[in-house]
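Structure first, then comments.
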Amino acid sequence: MDRLEQEIKDTSKGMTPIVKTVVRFVIGIIVIFGVYIVLYGHVTPGGGFAGGVILASAYVLLTLAFGKEMGLSKMSNTGASLLDNSGALMFVIIGLLGYTGGYFFYNFLGKGDPFQLFSAGSIPLANIAIGVKVTASVFAIFMALSIFGRFIYKAAEGDESESEE
Amino acid sequence: MQTYYPLFTAIPLAAAFLNLLLSKISMKVSDYIAFLVTGILAVMSVKMLFEAPFIYAVGNWRPPFGILLVSDGLSSMMLVVINLIAFLAVIFSMKYMSTYTAKPKYFSLFMLMIAGMNGVVITGDMFNLYVFLEIASIASYALVGFGTGKKELEASFKYLILGGVASTAVLFGIAFLYSMTGTLNMPDLAQQLEVIGMTRTVGFVVALFLMGFGLKASAVPFHAWLPDAHPSAPAPISAMLSGVLIKALGIYTIMRIMFNIIGKDELISAIIMFLGAISMVIGGLLAVGQKDFKRMLAYSSISQMGYVLIAIGLALKPSAEPVVASLALIGGLFHLVNHAVFKSLLFLASGAVEYRTGTRDLGKLGGLIKKMPVTGAATAVGSLSIAGIPPFNGFWSKLIIILALFRGGYWVYGTVGVVVGFITLIYFVMLQKEVLFGKLPESLSKIKEAPFAMVLPLVILAVLCLVMGIGYMAIEGQMLDSAASALLDKMAYMNYLIGG
Amino acid sequence: MILYFLSLVLLVMGLYCLIAKKNIVKKIIGIVIAEYSINLFLVLVGYRHEGIAPILLKGMQTEELVQKGVDPLPQALVLTSIVIGLGTLALMVALCLRMYEKFKTFDMTKINTLKG
């Protein structure tokens, strides 16, 4: 608790303490909402992509309010890359597992009753894979363009630029 | 084999992501994964040549509600071209890309591009075609600017903007087609458009498609990205772009849509023939004064694509005799396969020369046949093939196209074809004189032959040029006849809706 | 016809922005506007006069959905198209940043090293 209060009162990185306090409350709600949209993608509108973007926007809000070290400590560069690739690989594997039913991308699990959470076969699994991938991808794009793009300003002032990949 | 048809796109996609996961452990894993995957794909595509045509319903959703994958003669031929040249380019780039730092990312993007191109060629659904077109295009935009110097970035940005506008035009055309017929399935679209006929809306859709796909195929009013993008890319990517991408994304889609979905028409045939003719002339004339090795090859690509377009235009004419139409189509398809082989050979050879000497400027090169004999011989074989000298393969395809033009009564276009063939001979002889023969400059007196991994694809492609030239009848019987008859027979394509 | 007017205006505006402005960032915004106008056109193709949203609620019959609902297929196509637009936009902005680092300017007329 002590470290957190110190972090809030530290005005050198991130925004003012009011913003930081509000973000502490709001971010949990945003993450739960994003997970709800991903999981119920076969019952209500939404699905993998929309839920993934909402989850990524939670990370972006964290980075904007608290500074880049807090954002990087929650999901680092290699962590984002690993999540990204494993999400996409899971999606292709779900497609290949359809061969147990005879066709590529066949819906091979039990279908269940409509309007329930555990229904519609392998569609919720595909939604979860896409949600994980989109979260990691959008967060990695945001990081690469803003935080690691600081070399642009150094280059503009004529200093020697350290290029990051 | 029939149930494994979607694996042509699933395997490269999985390999691209697996590559990035495993490269955190060691950097050399990406080489082996790429080599293995393209080898498997090449073997699978050669096996597909010997199968009867079939359709595959993804996820067991019956057409016209689900996505359909169609395999006929034309798709099999394009699959063989794409995957074989991709395999040879991967072998070449294992050694060539060792000077760049981010090699696993390069192989990942390469796998994504192959997955996109394979998807365009095997699909039977219009929006699926657009999605795979975008996957292949975005991967190629990133690959053109891979070595991030000034020229590469500018070329990649120009290519990106123009390609983005072309994709927008294609999506606009697909939206119109959906609003007219209510379906996105390609055989179903063919049936509905047969009933509707050629109204003004269909004419507008054809104009949009010619603009969008014509830009990907580098027809002349839309060619401005190609002379900047192809020289700036790394050499194996130039070989893939110029040898395979402009054909799989541009010429194949124009052929599939015009022949099988929209049907033959006088005005469209005349327009495509005119575009082909000015591509030939402008590409050829602009290639003569070039000083950069790869830029001259890029302009020559525009010129040869003009040959293929003019042959397609002649086969599309409803009032041409069936003999002339099938002759022109066989000539066009054979020139497509030939150009893939010898243009990728020439681009890979320019990469080998650049790897050893460090320059692409024709003024600074010379006399390389003494120091790099195998590379020099392969370049000579490639140049003779593209100029149309017997007994190499370029001679047969150009001869058939010009014969078909004269038999169809097009004296002007036939003469233009002969003159442009002569101009091609001029600048390729100039290229050989500048690079291979002549005096060896002082700064290049210590170079050696290119490494074995780079010379092997050159030798394989040169042997293929000679074999396809001498054994032309075997190739025609196996591949080209089934491809041409699959295109000219619109009824058979419409019957794919019912199955088989 | 009046229905598709906004889509046409947006397309022309996006293309004008792409052609007539010299700043790279403005050109990127032009391409994005043109792409979104095509998405709007695609959604409007499936419109039905006085229709309901194509979601099956509990206790609703499927015939009511078929007779009164708008077409859901273009909405699925637009979802895919927006994702493709996001990918292209990310690549364009990354290239724009790298070009600023190398050329020190955002003006497209000063970036002309490739000629001939």
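By written order: A, B and C. Residues from 1 in each chain.
Throughout what follows, a contact is a pair of C-beta atoms (placed from the backbone, for glycine too) under 8 Å apart; a residue touches a chain by one contact, two chains touch by 3 or more.
The structure presented is a predicted model; accordingly, all values stated were derived computationally and were not measured.
Visitor: With chain centres set to the mean of the C-alpha atoms, which chain is at the far end from chain A?
Guide: Chain centre farthest from chain A's centre: B.
Visitor: Counting C-beta pairs in contact, which comes out ahead: B-C or A-B?
Guide: Looking at contacts between chains, B-C has the larger number.
Visitor: List the centre-to-centre spacing of chain A and chain C in whole Å, with centres computed as mean CA coordinates.
Guide: Chain centroid spacing, chain A to chain C, equals 23 Å.
Visitor: Could you grab the centroid distance between chain A and chain B? Build each centroid from C-alpha atoms only and quote it in angstrom.
Guide: Inter-chain centre distance comes to 38 Å.
Visitor: So what's the Cα centroid distance for chain B and chain C, whole Å?
Guide: Chain centres of chain B and chain C, defined by C-alpha means, are spaced 29 Å apart.
Visitor: What does chain B use to touch chain A in their complex?
Guide: Per the touch definition, chain B meets chain A at residues 3, 6-7, 10, 13-14, 17-18, 20-21, 24, 57-60, 102.
Visitor: Which residues of chain C touch chain A once you look at their complex with the stated criterion?
Guide: My answer: residues 55-56, 58, 79, 83, 90, 93-94, 97, 100-101, 104.
Visitor: How about chain A: which of its residues touch chain C in the complex?
Guide: Touching chain C from chain A are residues 44-45, 49, 114-115, 141, 144-145, 149, 151-152, 155-156, 161, 163.
Visitor: Write out the stretch or stretches of chain A touching chain B in their complex.
Guide: 78, 81-82, 84-86, 88-89, 92-93, 95-96, 98-99, 101-107, 165
Visitor: Could you list, by residue number, the parts of chain C that touch chain B in their complex?
Guide: Counting only chain C, the residues touching chain B are 15, 18, 24, 27, 31, 34-35, 38, 41-42, 45, 73-74, 77, 80-81, 84, 87-88, 91-92, 95-96, 98-99, 102-103, 111-114, 116.
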